[in-house]
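Across the two complexes that follow, chain A remains constant while its partner is chain B and subsequently chain C.
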Partner chain A sequence: MASFLKFIAVRFAAAFATMLLVSFIVFTLMELVPGNCAERYIAYKTTQGQLITEADIRAEEVRMGLDRPYIERWVKWVSSAIFRFDLGESCLWRVDVTQLIGDKLGISLGLSFAALMLTYVIAIPVGILSASMRDGVLDSSLRVASYLGLALPNFLLALGIMLVSTVFFGDTLTGLFSDEYRDVPWSMAKLGDMLSHAWLPILILGWSATAIQLQTVRALMSDEQGKLYVTAAKARGITGMRLLMCYPARHALGPVINSIGFDLNRIFNDLPIVAAVLALTDAGALLLEALAKSNDQQLAGAIILAMTATIVALNFLTDILLAFIDPRVRKGFF
Partner chain B sequence: MTLLRVQDLQIKFSTPEGEITAVDHVSFEVNPGEVLGLVGESGSGKSVTARALMQLNASNTTYGENSKLLLETPGESVDILALKSERQRRKVRGDLVSMIFQEPMASFAPALTIGSQMCEQLKLHRGLRRPEAKDLSIQLLSRVGISDAARRFDQYAFELSGGMRQRAMIAMALSTKPSLLIADEPTTALDVTIQAQVIDLMKEIARDFGMGIIFITHDLGVIAQTADRVAVMYLGKIVESGPVREVLHNPAHPYTRGLINALPKLEDLEAQLTPVPGDIPSPLERPAGCVFHTRCPQFSKGTCEHAIPPQHLVGNEHFSACHLHEEALASTLASAEHNQGVPA
Partner chain C sequence: MALFAAKPIKKEDYYTASQLQLVWARFKKKKSALIAAFCLLFFVLSGVFAPFLSPYAPTAAGRNQDYTNGAPQIPQFCDAKGCSARPFIHKVERHRGVETNFRWVTKQTDKRNYIVLLPKSKPYTMLGIPLSHRLFGVEEGFIHLFGTDATGKDIFSRTLHAIGISLAVGTVGVLISFVLALVIGGVAGYFGGWVDTVLQALMDTVKTTPTIPLFMALAAFIPDEWSAEARFTFISIILGLLGWGTLARRIRTHVLAERNADYVLAAKLCAAKPAHIIMRHLLPSFTSYIIVDLVISFPYMVLAETSLSFIGLGLKDPVNSLGVLLQNVTKVDVLLNYQWYFIPVPIFVAIVLAFVFVGDGLRDAADPYSEHRK
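Showing the complex of A and B:
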């Protein structure tokens, strides 16, 4: 037990250190974007017909603390993010970034985790089944299907489904909300409406992750099934589901759990593209907007940081889960 | 009474390259309390034979029509090849027959405790409940010489030393008091000092439990230590068999002689090692006639590559399958041997 707690503490420290490093990289990247937040805001004001001088820009920089050294500003950014959950103001809109991201990030995370769940709910049982009937009809057809999943990019799949739906059902399937719910506050009805739209982005986000994971589970299972301990268990009279689940499946689970973090990463990568194709109004779309259109460093940085934090947190949790199911990890054998 | 009767065992595997004969017309017997050593190089079919006794060979395996594997215990007799379902096969898997494998580390599931794997078998075959199974398991772990058995019960295989793992494996194999124990190279992966301990333990336990043991190895030294009788296998055939001392002191088959000559001798360190020449042929190209003729130093053209040699009685319960023992041939070869000074 003591070693388990120590394991958790060490992993937590490692996750924290990773987050600090990531925040530094994100902060640096945002700094590298030409121009700063003050200039951006002033430039925006000019378009509103106000006359702006060099002195105005300098004054704004001082007000925002942009004249302070780089490291000092990073420390301030990180510490207020940690202690006050405050990621600064949007360069353009002059409102709290957290407020701007708010439920959009929630929607994105919801879609991503639903896609992740879908991936594992399909990939684990089907992969196990496929491996235990190796080279049968089911196995072969599943492999063809999953190669198709690997070969077909998400956005193409999205476009394909939308095309079919538009031509045959007269519904473009875009967006997350019906018109009447788009700008009203959250309610059960709005949630229900969202869920009825959410299946498509979830399906598309989970698509290639499922295909890859299916192959992984199958390969891991085939590996484990050939191991001596499975033969030894069989030689002790263990049969059927117990032989399958307690032996190869139980031991193939570790690497599968290990890959959850990668899958979330993959899904996050697809998020902006899927958001663009399906006209979603989530954090993916906001990130695209902040990066590509309005050059809003603060907003983009905050979204990227929030997403990375999710991945790091998930990896931390999967590490603990892994230690929980595998005594070799828990007892520091690996 | 005979415990195990293997009659005319023939095992074939169908592979994409064609049908492979792994074991060809093998017959032998094991008596209760007796240790039978199966010796041979890798590919000789000894492990395949052992696995057939528990129906553990893969699904591409076919058995010969006349093959019979009969297990007779005081309580019941089992026709092993007639067990068709996995459930029926439990009878010879961990109940009447147990198996110990070469690598004790790999034969325990890494993420399950030693104890849970032991209890699982006891629950399955003896219907014991967890507390009873635990008591018995701890008792057995102590019996095989594992100190602090109660703590070891809750440990994992990777937390034990190599010798201790193999002891735990033996304890697990014995837990259901099987009538037949199959040990597939149980000491090969162990240090020599540990090897001797494990061998002593197995002999002692065979005596105590009155079970028959099939001890598979490629190491003639280990066989000399453990077995009462020995059967030497080459390319799926038993080429020589008999009481262990008789066979090792007076080997009759050229292959057995080759194996004995290939052993390093501690008393004469200057002596050259004399390996058996050539390689074991691919099972896809089994030689016709005597399977050993391609490597045999006493190969006799015209006979060996055509006719399959029958088993000849060459001593007290000592059999050898070689044309050499057919009288006419034997006398000519014996004189040739005498002239060349080849040690017999």
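Showing the complex of A and C:
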């Protein structure tokens, strides 16, 4: 047991180190953006008719702590993010980033995890079935679907669905809320309204992850099925579902669990682009706006950091889960 | 030996065949990969020779002001007046009157406009060669096989140029990530120890961060005033910088497995330097895997560029790429009325599919054990 705790501690330390490295990369990127927050804010004030001097910019820099050395500011940024969930102030809106992204990040994570669930709910059973009846109709049509999943990126699929629905049903299927719910506070009715719109983004976000995961599950199952322990189980008279589920499927599950984090990564990748196509109002759209339109480095950095933190946390959890369910991994600890 | 099933070849040919011949023989056997390879060749050629194959320049210079948002014009052999051996399209005419509410509208007439081969055009250059003829055109006016966009630019010409640009971005990106993967993976695998640990941590981090948001953050640095060429170079570099993780890991594993082999020891005893051993002795032992990996990663580069350009952070007009072509299609107006904006989409899906199939075929062909399985 002690060694298992040690395993958890080591994995946690590794995840923490990864997060620090990521935060450093993201922070460096934000630093590299031409111009800093103070200059941008002052530039905004100038457009409002105020006369701004060089001294004002310097004063603003001192107020925001931008005159401190680079490493010191990074440490401050990271530590306040860890200890107080405080990611600084948005350059443009002058409000806390946490407050700005809170709700929208929630929606994004909700959509992403729903897409992730969809991926596994479809990929695991269908992949297992497909492998057990190799070269049948189901199998070959699945292979075509998987290739399409690679070749047709999510946003092209979204465009295609929009095109068809606009031409045939006169509805572009965009947005997450109906007009009457857009700006009202959260309620059951608003949640229901969102869910009735959310199926399309979820489906589209999960599309290529599902296609790739199907391929993986199928390949893993085909590999396992030829192995001796399966033959031995057959010789003992085990057949049908029981044979499939208790023997090859159990072994194939390990690598699948291991890849959950990367699937989430794949889904996050598509978030801003799908948001752009479907006119969603989530963190993906906010990230897009922060980067493409307003150059809001604080906001963009915070969103990327939050996304990566989710992936790292999920990777950490799946590592532990794997140790629990796979005796081969567990063996080393107990 | 079922290897050379097509023609009976002596067994010793199999044993004396070079690596390349063996791979090609195995590759040929897989029909889907072979067909995909021919499609790919076709696309690459049409991308390279786009300036000659397309009837007009893909930029504002080649636009047809009188036919904006125009529908595709399909060449035909027959109309109400009978048939002709030469394909033709119908001429269009600008018209304004009471019945159109005094707005200019484009109307099709029944006058024939025959298609001609190698018409004279404004001088242009292809691969540095100055030319003044295009492959095809019409007797007078314009022909738009795929229709035109909102400013009257020919979508067919833009698509051909976009293929070329997308392939070029992908090639440069793949080359950059290849060099990075070679250096980082090779060093990590060869030296091992703490160097390996640090580089592995770096690879893991790059792999954990969502790539597209990172691409976006990097691409957001591009100042608006940069020229199209500078933008192109920068985007390719970004794609290359973030795409090396998987290949580097694979190279590391190979080098790690091979570095204790006798031939490496022999080279070391001859006082060869690490760089020399990695480049001349270790890497050639799995060149085929590297090539296969590059082909497989190619479509991802192209798609990443498409995504970036689509959201406006990648390439921009006047450079064409699929992403640039698709920038304006999410408007309801376009979705409802101008569906020919979407014609480039199936073409690009076909290109990516061709790459995927060729990559799969190459992977199986390069693996000497693929025949013995199953």
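In this text, the second predicted complex is superposed on the first by the 331 of 334 C-alpha atoms of A that agree within 3 Å, B and C clash if a C-alpha of one lies under 4 Å from a C-alpha of the other, contacts with A are read in each partner's own complex, and residues count from 1 in each chain.
In this section, a residue touches a chain if its C-beta (ideal position, glycine included) is under 8 Å from a C-beta of that chain, and two chains touch if they have at least 3 such contacts.
These numbers were taken from a predicted model, which means no experiment stands behind them.
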| item | value |
| --- | --- |
| Fit or clash between chain C and chain B when superposed on chain A | fit |
| Contacts of A:G237 with chain B and chain C, given as first, second, both or neither | first |
| Touched partner set for A:L138, first chain B, second chain C, both or neither | neither |
| Touched partner set for A:F268, first chain B, second chain C, both or neither | second |
| Contact breadth on chain A, by residue count: chain C or chain B | C |
| First (chain B), second (chain C), both or neither touched by A:L156 | second |
| Chain B versus chain C as contact partner of A:V277, first or second or both or neither | second |
| Which of chain B and chain C A:M245 touches, first, second, both or neither | neither |
| Inter-chain angle, chain B to chain C through the CA centre of chain A, in degrees rounded to a multiple of 10 | 80 |
| Touching partner for A:L21 - first (chain B), second (chain C), both, neither | second |
| Per-pair minimum CA distance [chain C against chain B, superposed on A] in Å | 8 |
| Chain B and chain C contact sites that coincide on chain A, given as residue numbers | none |
| Footprint of chain B on chain A - complex, ascending | 227-229, 231-240, 246-247, 250-251, 254, 325-328, 331, 333 |
| Chain B residues within the chain A interface of the complex | 54, 56, 86-87, 89-90, 93-95, 98-99, 101, 103, 106-113, 117, 120-121, 124-125, 156, 158-159, 172 |
| Interface residues, chain A side, partner chain C - complex | 17-18, 21-22, 25-26, 29-30, 32-34, 147-148, 150-153, 155-156, 159-160, 162-163, 166-167, 172, 261-262, 265, 268-273, 276-277, 279, 287-288, 291-292, 295, 300-301, 303-304, 307-308, 311-312, 315 |
| For the chain C and chain A complex, residues of the former touching the latter | 201-202, 204-205, 207-214, 216-221, 223, 299, 303, 306-307, 310-313, 326, 329-330, 332, 335-336, 339, 342, 345, 349, 352-353, 356-357 |
